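Got some structures for you, see below.
Two complexes come next, and they have one chain in common, subunit A, joined by subunit B in the first and subunit C in the second.
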Partner chain A sequence: IMATVSVCQYHRGGFSFENCKRNALLEADINKLGFSSPAARKTGTTICGVVYKDGVVLGADTRATEGMVVADKNCSKIHYISPNVYCCGAGTAADTEMTTQIISSNLELHSLSTGRLPRVATANRMLKQMLFRYQGYIGAALVLGGVDSTGPQLYSIYPHGSTDKLPYVTMGSGSLAAMAVFEDRYRPNMEEEEAKRLVRDAIAAGIFNDLGSGSNIDLCVITKGKVDYLRPHDVANKKGVRTGNYRYKHGTTDDTTHHTLTCFFPL
Partner chain B sequence: MNTRGLRSQLKDSVPVTGLCPQAGPYGVQDSLRRGFSSVKNELLPSHPLELSEKNFQLNQDKMNFNTLRNIQGLHAPLKLQMEYRAARQIQRLPFLPSSNLALDTLRGTDDSIGFQDILNDPVLSEIMGDPHIMTEYKLGVL
Partner chain C sequence: MHFTVVFSGLSGVCDRLRQARVRTPAAGSFSNVVKLKMAAVLQFPASVSTFNNYNDLYPDWTQTEVSTGTSIMAVEFEGGVVIGADSRTTTGAYIANRVTDKLTPIHERIFCCRSGSAADTQAIADAVTYQLGFHSIELDEAPLVQTAASLFRDMCYRYREELMAGIIVAGWDPRRGGQVYTVPVGGMMTRQPVSVGGSGSSYIYGYVDSNYRAGMSKEECLKFTAEALTLAMERDGSSGGVVRLAVISEQGVERQVILGNQLPKFSTV
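For the complex of A and B:
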């Protein structure tokens, strides 16, 4: 029966919607019983980027959350797209990962076909067309930055497919905190050290004021011909060291007999 | 590709009434080939993207041919569609997955990668249609 059913359907690749109805039914049943279905791993995040005199500085925190639990204390959110283009990703972790990898492959094939270094605008166009095709169901909010023959460029790309080309952008749950820092201290044509300090402070604002962001600060400085991937650039949250040692000293005699004393506590 | 598929290209690409009409060649519910049916399955798509994804390649081709017709005239899409029709006929046996290399080269998708190449790749499918029944269906003797 299985074989005859598949005769008429041409087997196509890509997303399969076979289980959607079943999942909706299960979700309704589970909610009736009072449980909650498992949540996708998100990067409730602070990511930001700034254009300075010679190039672009991208910054990101390193916490990945699964509902109210930290799933990964040191995940890498700055993804490689091409030697001169990098992309920070916020939203559903798997979506940002797969989307950036697909676009990276496409950009590599495209640059082999044209014989030139790929442009940031090409990556932007590919990303926005793919995200619009899936109407926002792919939850990937990206900050794309790089340096190409037309100069340093920075784009922010939203899950539904809209993009903005700006000198400084922030995305993620900590974007408001980071944007406050940018609005206060950004000025055009900064030097590299000043730009790195600005991005570091913006991410730190997101880390300390937003529950979805935390751990370390990663930085990526892209200039014409050179990329500095600083991971970690700043360990803002160091895990504490245990102050006391509660183990028995080596060679302590073991106690094999047990005596029980009942204590009477008048209440 | 089965010969019955040609008729679907003449119809509107997005079916308005009934997503997967369960009627077979005799006009009644075809349980053997399409399984059990329910009214809800036929009327509503299980996901908002299901219809748009099913017709995505078709819609892209239509859009491109329209643009080409506006720019270069009617001859350009006519010649290209003839080449597409020829390339679409280069297939392996009905139950084996075909590479569609000529079709991909014509479309320009041979140097791009998407979710259709990564998820549910037909080459890596674990089930295969019964060879006898597939060839009989293709030849129309089933």
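For the complex of A and C:
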């Protein structure tokens, strides 16, 4: 038998998300009247990561959207967490940017305290605990990858705070296109060139088949002791060259009559 | 560790029990009119967005919560327990992880099977692992399975309005041998010789009730669990992938995986 409501709601500390529900109601009311509230900038996105023989390769597209408009044609979605750990972010751009910066800062302090290079699992724990605390209201879907003393690791982290540790992951609106490429061509213990090609192709699949992803392909290759941040790794969408010119030379339209008016402006 | 957050509406979770729940906001904070409106709105995802025009077929990351649709099961036998789970995690209609490990170690000889919201169950399991580890160090002996189950129950009951978690706790301890405790949605805790859970469990109650016998051996329990989970995975859309099994006994934990093509075969309908 399912009991329903608890009668006594004593103050339990922590966050209250009551206003979020109120805002949702207000938003629905506004929409009914025909207006729309400003859209948050999202990174529509295709992000992915793969574990290969010597480390991990992370990849991302570079389009940031505000509703149906491209806000940034070349934004950077691979964020620094620590010298050996990087994180791709999909979802609300502000959320991914801030979340990764906060965890990067805390991880640096932690690393100084332990005297060791930080572990990917630590970054994962910090991120999942923070996102769970905010119950999904921080719209950050992340692909976290890096190499530490335990080896190369790759995690996918969802906005509600669940994580999966896998050999290959994709996130974002273009994730289905990218996952199709991975499921077809992934093999364990690939060489670096093959892994980079695979990630490049997966992101390309997202760029060309998903409206929310576009522009260039950024890659980040992390191995033990070295990080290659390749931005851009592949310019998949070059801006076209204008073939026509609408500029008119001086003297194209002759000025036959001159009228001069003197105007006085009291100062 | 506190989980003091207000429940955010979930969509795409396949646990049937959820649809029967009635949620109302905190008493006394709103007028009755608003309360009624709130009750209706709470059925929808709380983070309503004007910018989500995407097709329902693929997930919008800020809205759909990741759910371990699931079929999980645990059986006691003389000398230990056998636990099993499928390996599918879904976000709406998309399978986010097809090789999930839903058998989570809480202590050396105590495991839990997770069903419901992936985020909630992972967070609860992490918290209980910490609490039980601390308790075990204080006691300087192996913790009881009942203790682990009680910790799960306390958390699941206290935060029942905010959580969506159905958990089966199973393990071996020196005092009472192999034990299975079930902590379903809502926070009840009870010991059972065999327990099934998750969205796929509805389809196999009949099979389990008719095929379970007390006093089965370890191999018989493994076969029983594998077959039951296969049947559940066959019929439940939110369950699938591989079958993960584990045997917990005094000797320790033996894990195995049964891949898709190796699953027991039943007559194809």
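As a working rule, the second predicted complex is superposed on the first by the 216 of 267 C-alpha atoms of A that agree within 3 Å, B and C clash if a C-alpha of one lies under 4 Å from a C-alpha of the other, contacts with A are read in each partner's own complex, and residues count from 1 in each chain.
Criterion: a residue touches a chain if its C-beta (ideal position, glycine included) is under 8 Å from a C-beta of that chain, and two chains touch if they have at least 3 such contacts.
It should be emphasised that the depicted structure is a prediction, and the values quoted were computed from it without experimental measurement.
Shared-chain residue A:161: touches subunit C; no touch with subunit B.
In the superposed model, A:74 makes contact with neither subunit B nor subunit C. In the superposed three-chain model, the partner touching more residues of subunit A is C, compared with the other of subunit B and subunit C.
Applying the stated contact rule after C-alpha superposition, one finds that A:17 touches each of subunit B and subunit C. In the superposition on chain A, A:31 makes contact with subunit C only, while subunit B stays out of contact range.
Shared-chain residue A:109: touches subunit B; no touch with subunit C. Contact with neither subunit B nor subunit C is seen for A:189 once the two complexes are overlaid on the shared chain. Once the two complexes are overlaid on the shared chain, A:133 sits against subunit B and subunit C alike.
Common to the subunit B and subunit C contact sets on subunit A are residues 2-7, 12-18, 20-21, 24, 133-135, 137. Residues of subunit B that touch subunit A in their complex: 1-2, 5, 32-35, 41, 45-50, 52-54, 56, 97, 111-122, 125, 127-130, 133-134, 137. Of all residues in subunit C, those touching subunit A in their complex are 2-8, 17, 20-27, 29, 34, 37-38, 41-42, 44, 46-51, 53-54, 58, 60-62, 65-66, 89, 91, 94, 96-97, 99-100, 117-119, 122-123, 126, 161-162, 186.
Considering their complex, residues 1-8, 10-18, 20-21, 24, 98, 102, 105-106, 109-110, 112-113, 130, 133-135, 137 of subunit A touch subunit B. Contacts from subunit A toward subunit C in the complex involve residues 2-7, 9, 12-18, 20-21, 24-25, 27-28, 31, 36-37, 39-40, 42, 67-68, 90-92, 125, 128-129, 131-137, 139, 141, 156, 158-164, 166, 171-173, 175-176, 212.
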